[in-house]
Amino acid sequence: MKKFIALMLAMLMVMGLMAGCSSSETAAEAPAAESAAGAIKLGMCGPLTGGAAVYGTAVQAGMEIAVEEINAKGGLQFALNCQDDEHDTEKAANAYNALKDWGMQIMAGPVTTAPSNVVAGECANDQIFMLTPSASGVSVIEYGDNIFQICFTDPNQGVASADYMASRELGTTIGVIYDSSDVYSAGIYEKFAAQAEANGLNIACVEAFTADNKADLTTQVTKCKDAGCDLVFLPFYATEAAQVLTYANTIDYSPIFFGCDGLDGVLTVEGFDPALAEGVMLLTPFSADSSDVATQMFVAKYQDKTGIVPNQFAADAYDVIYAIAQACEKGGVTADMSASEINAIMVEQFTSMTFDGLTGKGMTWAATGEVSKSPMAVVIENGTYVGVE
Amino acid sequence: MSFLQYLINGISIGAVYAIIALGYTMVYGIAKMLNFAHGDVIMVGAYASYCVTSYLGLPAIVSILVAVAVCTLLGIVIEGLAYKPLRGTPSLAVLITAIGVSYFLQNAAQLIFGSAPKNFKSIVSMKALTLFGGGLTITGEVLVTIVVCVAIMVGLTLFTSRTRMGKAMRAVSEDRAAAQLMGINVNQTISVTFAIGSALAAVAGVLLCSTVPTLMPTTGAMPGIRAFTAAVFGGIGSIPGAMLGGILLGIIETFSKAYISTQFSDAIVFSVLIIILLVKPAGLLGKQIQEKV
Amino acid sequence: MADYPKNVIQVPTYNLFREQDAGKLPVLDVRNLGIDFGGLTAVDSFNITIGPTEIAGLIGPNGAGKTTIFNLLTGVYQPTRGSVLVNGIDIKGMPVHKVNKLGIARTFQNIRLFSEMTALDNVKVGMHNEIKCSFIASLLRLPSYYRAEAAANMKAMELLDFMGLGDVADKKAGSLPYGVQRRLEIVRALATNPSIILLDEPAAGMNPSETAELMHQIRRIRDTFHIAIFLIEHDMNLVMNVCETIAVVNYGKIICKGTPEQVRQNPAVIEAYLGKEDND
Amino acid sequence: MKKLLKNKTVLANARIYLLVTLGFVVMFFMNNAGMLSSSWKGYLVPICVYISLAVSLNLLVGICGELSLGHAGFMGIGAFTGIVIAALLKGKVESDFLRLLIAMVGGGILSGILGFLIGIPVLRLRGDYLAIVTLAFGEIMKNIIGNLYAGTDNNGFHMAVTTTKMALGDGGKYIINGPMGATGVQKLATFPMGFLLVLFTLFVVLNLVNSKEGRAIKAVRDNRIAAESVGINVTAFRMKAFVVSAVLAGMAGALFGLNYSSITASKFNFNTSINILVFVVMGGMGNILGSVISATVLYVLPEAMRSLEDYRLILYAVVLILVMLFTWSPKVKEKVAIVSDKFSRMFKKKEVETNG
């Protein structure tokens, strides 16, 4: 019993401490949030800590830039609240509820697919409009009519990749390495495999890894090499890609490496030698080296803010805010509307509007919530992305 | 030929596991605690080395020394602040504290270095050996890791059998109370054990990240658990056991990926572990202690 | 010291010592028992027969293998040679808990109580196999559970009272004084309904008055429960006064067996004990 | 004396039931009255789940004395079994409550069966070796569930563990889709059911602990050799505790799985197992009420710290270490005792003063 009291006391102490901290914290934040009296409350949740934090923090930064820009213009005002979901379904539900308590009117997230599956269910249920920047799983938008994506769905990427390979005759013997514990990676692979078969591509080698054993990817690369693959498809994220490319280089293996949007950012992995990524092709809607003025401005601001070059996650996030802003303006959304009123307007706007953003021009959305924009193939040359026509 | 390549890859990752496992096994043998924060000390070591080479531009060897120094200090501080006050309490209490320390280190690293992964530049500048006309590649990292691993094992074995401190460690590990009666400073011995274990973690961190170049706050967690498995596999508390366990685990992991299934390699590795423990309940080289009645 | 007698006195099987035991099946019948540990012979050619109501003693210098013999008799160690029959059944290959069910219970030299549990619960654990109440019944708290528990409580209290421990029933076993713990261990052994109990140094750590009390209680146990008792003890006063037969072991072998009087006068025994004194 | 003993445990148990019921009633009415924030509404079911998990793990770790690092594995088995059962019974069993109940029972049974099968070889090991094997088991389960496909098509129900996607015929609908886990799960879990689960868990564990089985289990923990010597089949009792714990974890897992619209195998990893273990150790080993309270407090704590953003989890770690030091360290405890002694003396003085 004594032990118990001690435990409770310690808890209370810490709680008290935290209450103190948190009150000061909110005070510090107040200006940003308060200036938006009458601002529309946007909620975002994503992995801000843990292994997937790099995506969550990129999205957060991208959104913050967009919100700052829009608020600075006057007129439509946004308040943004970012919650950590640790790339975990359970935590995502908690993050979502925390946002609801804050008074969120539009959900501009989550970042990754697995948590999005949970949050999408809630948003559909609560009639809160949801536009995810980067959760590309096809299951996400199946939860309701008010769930939208600004990124390609995974199947689209898989299909597009297979089509692209077939039409350009990029490789004769194809190897695939994917992360079977990751919804995004497994989702792309699944459709890619189906489409590749339809296109008559020769997949000689399919290797997987999981979040637990991705520390060592040498075996998978060696197997692709042994199978004589001259094209290796890497539908996963930049971190692991850096590993694959580094190891391939050490064993003198240089097929065409082909990736999807997750691969974007491989050049900005700190300490990675960009020379190793020479010749890597990827399908991505965004390239930080684009000559587009808006992109350049965004890249500059992002670098100012975070010190690193934005990847496609950040760009998607930036677009999400602008797309929402556009729909809000057109639909006449005001901050005093309820979330479900806004929801109805947003669904109507999104299914009818056309949006130009950093990650694509002339984007439109189907009633399912799926975006239609054209993927762009880029190849890495001299350490930068170069568009391939 | 590919068989040899897999074998070498397996030994390479296994040797890293082995170095981590050596740290686990020493701490377990002497302090009788599962130090789940060990994997995160590895991560700290790797970050320390990364900072020295990338931000200060100093040579690799300096970075290793700095990493060892940082980790040794960290090990002593952790031990003194979090584990020492709990000496003599149930091992589970210390285990949970170790988990707390692990969370702390991971999150502290994220606050300091950010969550974006860093690509660790290998400290080995040796060119890879290519044999059989490109059929077999042995990278410099592999050679260095294996050599370092063997050197550490031999060094530790000599240390524990020849030096005064090493003998004290063995005495503490056999019977703490008796060792104390013999005038051995148990607290000091345990602190030194942590210092050595953490120094090993630094070396392991640098080698791990030289082999697998991704460095992020969670880098140490999974290899840490693997290495713990390896230590148990070889017989926890046994120095050669940790080495054998680590290398075997690496080979089994690589072979199950290469010849059975990459999808199920985790299941296969852990199944092998269970089977080994059923046949040899104290691990491959562990001592089976008969309880006295 | 080196030339201890090699001739082992063989007591014929079934020639039981006490009159009332004559012709009955011995409760414990040990034949040529032996065990080696890594090439070292710890116990060899150990023979003993104990009648259903006999009090037997096992003495010998430190390290003579007495506790090892107890461990062999209770199935903790599997013998290398020979056999142990409890109530006529060979215990070969049986796990410890099954050997206990055959009717052999014991106490330990270094007390092994369930120290976190109350004295009463310690005894009730001893009665485990006797409490007839199914897993489901106790999970669902069926009436049969309450009946069984009530009966168990009653019997456990009776046993505790029998050894004069009724007052400490609700105390944590680990918190009890040493002598009380020793007696509690005996109660726990009795609770398993044994036909023989093995007491491993029951008087160790007791003062003379406690020892005298213990002697009285050992006899009372035999007389009340009609069971055999086999004990290891260093207190010669207790052994000579309580035991009806005594076996003396040294280096894992019986060097003498007989009544207290016979043992007292046996030169081999005297030598073994003097040798021990020298070593000390 | 006997009466008193009995009353003591009865009283202690009654206190636990009372506290849990009180908590439920308060929360239930606050919820119905719309006084709970969305966050709190969201915590209700997971708290119930974690209480059950902590109490069932306490049976193993605290009462039985066996360290298990794979509790999340059983939770995962229960979750995915529950999801499949609930999906298959959709339209066949009208009442959602009943469907949830069947799903939980099914999850518990399958988890118990697997617990039994694993227990046969595994329970021969002791201490840290048992711990590592349970860890290994958890990882194996996660790996297998990650490659598990289940779905229905016009030909009925199909299930497979495979590396290549299982194909379904016409009208096919996946319930579990390999690495993508279960998506589009109908949320059946309710707070009252969570409460019932907690009650059931407490009922089973408390009754078990205070029966001859419980005594035997505690005896095995306190002194294995002595327990064997009084005729207790040690392996059988470790097995009983292991299976009961697995069943309860499976039921809790099913409730957990049916509380979210999507779940993946990776949720049931080592970290989740460790989290549950933290609840148990913080609440006190063998202390059931402690598990209940610590599961609740520690679940809410990191959530309540959301406003701290980046510092949230690092503070959680600090809390963890500090609480361990405060509750276990002899030195720290001594100092705390001195301080609390001073406090109590101050209070007493004041009382005297006010009284005088």
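Miscellaneous remarks
For clarity, chains are labelled A, B, C and D in written order, and residue numbers in each chain start from 1.
Throughout what follows, a contact is a pair of C-beta atoms (placed from the backbone, for glycine too) under 8 Å apart; a residue touches a chain by one contact, two chains touch by 3 or more.
Please read all numbers here as calculations on a predicted model, not as lab measurements.
In summary, the chains found to touch both chain A and chain D are B.
In terms of the distance between Cα centroids, chain B is separated most widely from C. Averaged C-alpha coordinates put the centre of chain B at 49 Å from the centre of chain C.
Centre-to-centre spacing of chain B and chain D amounts to 31 Å, using the average Cα coordinate of each chain. Centroids built from CA atoms put chain C at 73 Å from chain A.
The distance from the centre of chain A to the centre of chain B, with each centre set as the mean of the Cα atoms, comes to 34 Å.
Multi-chain contact residues of chain B (touching two or more other chains) are listed as 107, 110, 263, 266, 293.
Each of the following residues of chain C touches two or more other chains: 76, 108. In chain A, the positions touching at least two other chains are 48-49, 180, 208, 210-212. Residues 28, 34, 36, 82, 85-86, 88-90, 92-93, 95-97, 99-104, 107-108, 110-111, 225, 228-229, 232, 236, 261, 263-264, 266-267, 270-271, 273-274, 277-278, 281-283, 291, 293 of chain B are the ones that touch chain D when the two sit in their complex.
Residues 2, 5-6, 9, 12-13, 50, 54, 107, 110, 114-121, 128, 130, 134, 137, 139, 208, 211-219, 222-223, 226, 253-254, 257-258, 262-263, 265-266 of chain B are the ones touching chain A in the complex.
Considering their complex, residues 61, 67, 121-122, 124-126, 128-129, 131-133, 135-137, 139-140, 142-144, 147, 163, 224-225, 270, 274, 277-278, 281-282, 285, 310-311, 313-314, 316-318, 320-321, 324-325, 327-332 of chain D touch chain B.
Interface of chain A with chain D (complex): residues 3-4, 6-11, 14-15, 18, 21-22, 25-26, 48-49, 83-84, 88-90, 93-98, 100-101, 114, 117-118, 120-122, 137, 139, 142-143, 180-183, 185-187, 190, 208, 210-212. Residue ranges on chain D touching chain C, taken from their complex, read 1-2, 4-5, 204, 207-208, 211-213, 215-216, 218-219, 221-223, 225-234, 240.
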